[in-house]
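In this document, chain identifiers A, B, C and D correspond to the written order of the chains, with residue numbering beginning at 1 in each.
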Amino acid sequence: MNTDKMVYMDHAATTPARTEVIEAMVPYLKERYGNPSSLYAIASEAKQAMENARAEVAHVINSSAGEIYFTSGGTESDNWAIIGSAYANRKKGTHLITSGIEHHAVTHTFHYLHDKGFKLTYIPVDNEGIIKLDAIEDAITPETTLVSVMAANNEIGTIQPVKEIGAICREKEIIFHTDAVQAVTHIPLDVEDMNVDLLSLSAHKFYGPKGIGALYIRKKTRIDSFHHGGGQETRKRAGTENVAGIVGMGKAITISHEKMPLEIPKEIKLRDYLIREIKQNISHTRLNGHPQKRLPGNVNMSIDFIEGESLVLLLDHKGIAASTGSACSSGTLEPSHVLLAIGLPHETAHGSVRFTLGEETTMDDIRYVVEVLPGLVERLRIMSPVYSDFCKRSEKNV
Amino acid sequence: MNTDKMVYMDHAATTPARTEVIEAMVPYLKERYGNPSSLYAIASEAKQAMENARAEVAHVINSSAGEIYFTSGGTESDNWAIIGSAYANRKKGTHLITSGIEHHAVTHTFHYLHDKGFKLTYIPVDNEGIIKLDAIEDAITPETTLVSVMAANNEIGTIQPVKEIGAICREKEIIFHTDAVQAVTHIPLDVEDMNVDLLSLSAHKFYGPKGIGALYIRKKTRIDSFHHGGGQETRKRAGTENVAGIVGMGKAITISHEKMPLEIPKEIKLRDYLIREIKQNISHTRLNGHPQKRLPGNVNMSIDFIEGESLVLLLDHKGIAASTGSACSSGTLEPSHVLLAIGLPHETAHGSVRFTLGEETTMDDIRYVVEVLPGLVERLRIMSPVYSDFCKRSEKNV
Amino acid sequence: MNPRNMGEIPDADGIGEVGNPTCGDIMKISLKIEDERITDVKFQTLGCGAAIASSSMVTELVKGKTLEEAWKVSNKNVADALEGLPPVKMHCSLLAEEGVHKAINDYRIKHDLPPWEEKK
Amino acid sequence: MNPRNMGEIPDADGIGEVGNPTCGDIMKISLKIEDERITDVKFQTLGCGAAIASSSMVTELVKGKTLEEAWKVSNKNVADALEGLPPVKMHCSLLAEEGVHKAINDYRIKHDLPPWEEKK
């Protein structure tokens, strides 16, 4: 970085833990270090703190505390939900349904089950990234045991019709899992109202620590364990609990949930300003995803004639942290499967940039991005053989 | 607790994180919060810290850094090692070998595989809890793909002949997994010298945080992924990394490893003093496990005519944290499978107490236990109908 | 853990021993009975904290009661008086109820009375 | 990211364009050649940071060299000059090598010389 400025615009990748969260955690690393499974006083302090956190998480999604199980993050929650329910209901059938725009924690888990003999149907999305509801209805067979559709997409931010999907699944008595990792505390969620049976969440997406998450499991849902061993989490998820992480997660979810009513309109305002300014100041750009049904903090633009990763590097040199595709897949060379699923051609999919806003984001930050971005795009376009070909063709056409 | 005294004697259940560990972690929760998979500067700080920690872990077990994969703890490491290698080598065969005294994270994972059609052989241990080597040789068939035997037992502390088991497995070209959760930094370990292919460890057993562990996977070992999703951990273990936890684990393992040469003789001295004093001051007591081949900090005694859990409660009232059976199984009613495996009758297995010493343990702590314990045992024995019957019978016999 | 009524009544009128060493809990209740009323009661228990607390509590609850009243003291009464027991420990309160029942029937049989029937 | 030799040579003697938009990287190398020696070289690249850095580096490496010397500049030379590339980015340096090869052969074909053969 050749600047001291730091504008973090990658809140969908991860968020900084709140000071209150860190303060809440430290005692459970230090003096309240007891193993919650033990019998003595110092252990029951840890146990109690964990149960408080469980109630805090439950409150936010309107479940009961006994339906919340702590995991090591969103990925484990997704793996558990999908593998656990697929195997537990194998006698009923081996057909599973998901969408084409899920996070890799979901799609790769389904690939794994496919290798093990399960049958999959991928439901397409429209050009704005919204899942086709009637395609779900059509896909369901008597063999279907699970539908897994995310609440909100990590790349393009589209918010899915979870309640409507839940209603379909409830009617057909099929388990409904939603990966709500990007949604929790960013949009309102209610497992009762939405008929959700399994819901994944991850603390580091709402100003909590990394490496801790939860799976909501509706009472009576048939699901196998995923981590086998000790009797923790009422015998459903073995392993000594990450007590400090759990306490931090409880604190983080409560504060983020309290702030949500003010945070949503603030982020929407900044988001829409940024989208408008990029479109106005840089030619050949388009918004990916749905203009309204999108996460309050998500801006995902296609910028023609450039490649996203080099733009992210140039932004970094200017002190702006952004991403292209999802953080998890950015080590790979394939373009994002989500951008392809909404119909982008490969070359356009390579030229996407994602800014995701958060609580600390100010209008000044946004203005800085708007000021810096056009010059960087121009620099890359000047380098680009595709852009110079395009300009030559345009000149001829004039 | 009706005392301010606090003598923690349950280091096998968990240990307090070191101050240096917590100090090393906090920056990775706070300002260095980047997602290691991202491309910008703040993320590469996190990535770098993680790679340092990986090298620190590798150093302690004499592996290369690229063979260390971070997990959410010992339980996940055990699950991954066993499920991942069993499935990856299913074409070769479906026979698996383990011992009768493994931790539940191992035994319950094998139960799970048994349900899925794998065949298991449990190797017995002798009365001192040492595995029978020739029984392993005898059990191996051309169908065998995995041997899993722990390095040191969590309940009775026996240290297993890992090197000899490794030699057998290497000769027969069978994957050898060892659960070294209780052993790492408490006894010397060397994956090269011991011919180990997979080794599980967990940070909270050596003064690191809970909810973080690692699996050593020898290069070229055939093993499936367990958590599917993003490309983290060179595509072998998906999920946003618990960066703070990983950094804490690196710090913890390095310090504990440095202290080991002094810590081992110190703990052995205190351990043997405590064993001798209990035997001398309380009638009808026996040491469980091997007198020498045991973890430096482990004291496990059978005390006749009492039940372990009520003794743990009385000890807690006196400010002493101890356990009966392993922490993980102490929510259950069955007596410890480990104590039954070394030949204890049920009623004796119910009357065991485990004190596990650690770095902070002093001679004063030990003296306090020795001072308090006989009175507590006496109180429970007076209440016990079995003890009064025994006394009546003894009187008659005089 | 300060249990009350701990010990044995040397010339007890009814004794009930329940549980077994294999499952880890043994409870022995001895009763002194005058005019069909429990005038003294003591327990001995080998078991976990909840088992000891349950036996102590049941002796408190039945002391001074008639045999008919004492028979009606349920494991739920014991658990409630202890301000609740975790689910895994409910069997301890059941053991306490059974111990009293067995001691009462021991007395009845000794006095050639038909034993009362345990409700299922 | 301050690449050198960026741009197009208007009257280039040899041009090599490699990669394709589908895979995300396109690289175009243009050479000015006098007496079998590269007197000027420029690149245009659509691609990630490593692709841009590799193309810039390869132009630095071949400038002033004879065609025979330039042909021998390998992707490994490019990666080494960049002080290493992560494994997932090695294909970027390969693209740079191929771009130069293609530009040289473009020149050779234009001058009715047989193209040199790529080693496998």
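As a working rule, contacts are C-beta pairs under 8 Å (C-beta built on N, C-alpha and C of every residue); 3 or more make two chains touch, one makes a residue touch a chain.
From a predicted model like this one, the values you see are computed outputs, not experimental measurements.
Relative to chain C, the most remote chain by averaged C-alpha coordinates is D. For this pair, chain A with chain D, the centres built from the Cα atoms lie 40 Å apart. Computed centre separation for the pair chain C/chain D is 92 angstrom, with centres defined by C-alpha atoms.
Put simply, the C-alpha centre of chain A and that of chain B have 35 angstrom between them. Averaged Cα coordinates give chain B a centre that lies 57 Å from the centre of chain D. Multi-chain contact residues of chain B (touching two or more other chains): 309, 313, 331-332. Within chain D, contacts with two or more other chains are made by no residue at all. Judged by the touch criterion defined above, the protein chains link up one after another in an open path, with no loop closing it.
Across the whole structure, chains are in contact as follows: A-B, A-D, B-C. Every residue of chain B that touches chain A in the complex is listed here, in rising order: 1, 6, 8, 10, 13-17, 19, 21-22, 25-26, 29-31, 33-35, 37-43, 71-76, 78-79, 103-106, 108-109, 111-112, 202, 204, 209-212, 225, 227-232, 238-245, 309, 312-313, 315-316, 321-323, 326-332. The part of chain C that touches chain B in the complex is made up of residues 1, 3, 6-8, 17, 21-28, 44-49, 51-52, 88, 91. Across the interface of their complex, chain C is touched by residues 305-307, 309-310, 313-314, 317, 331-333, 335, 346-347, 350, 382-388 of chain B.
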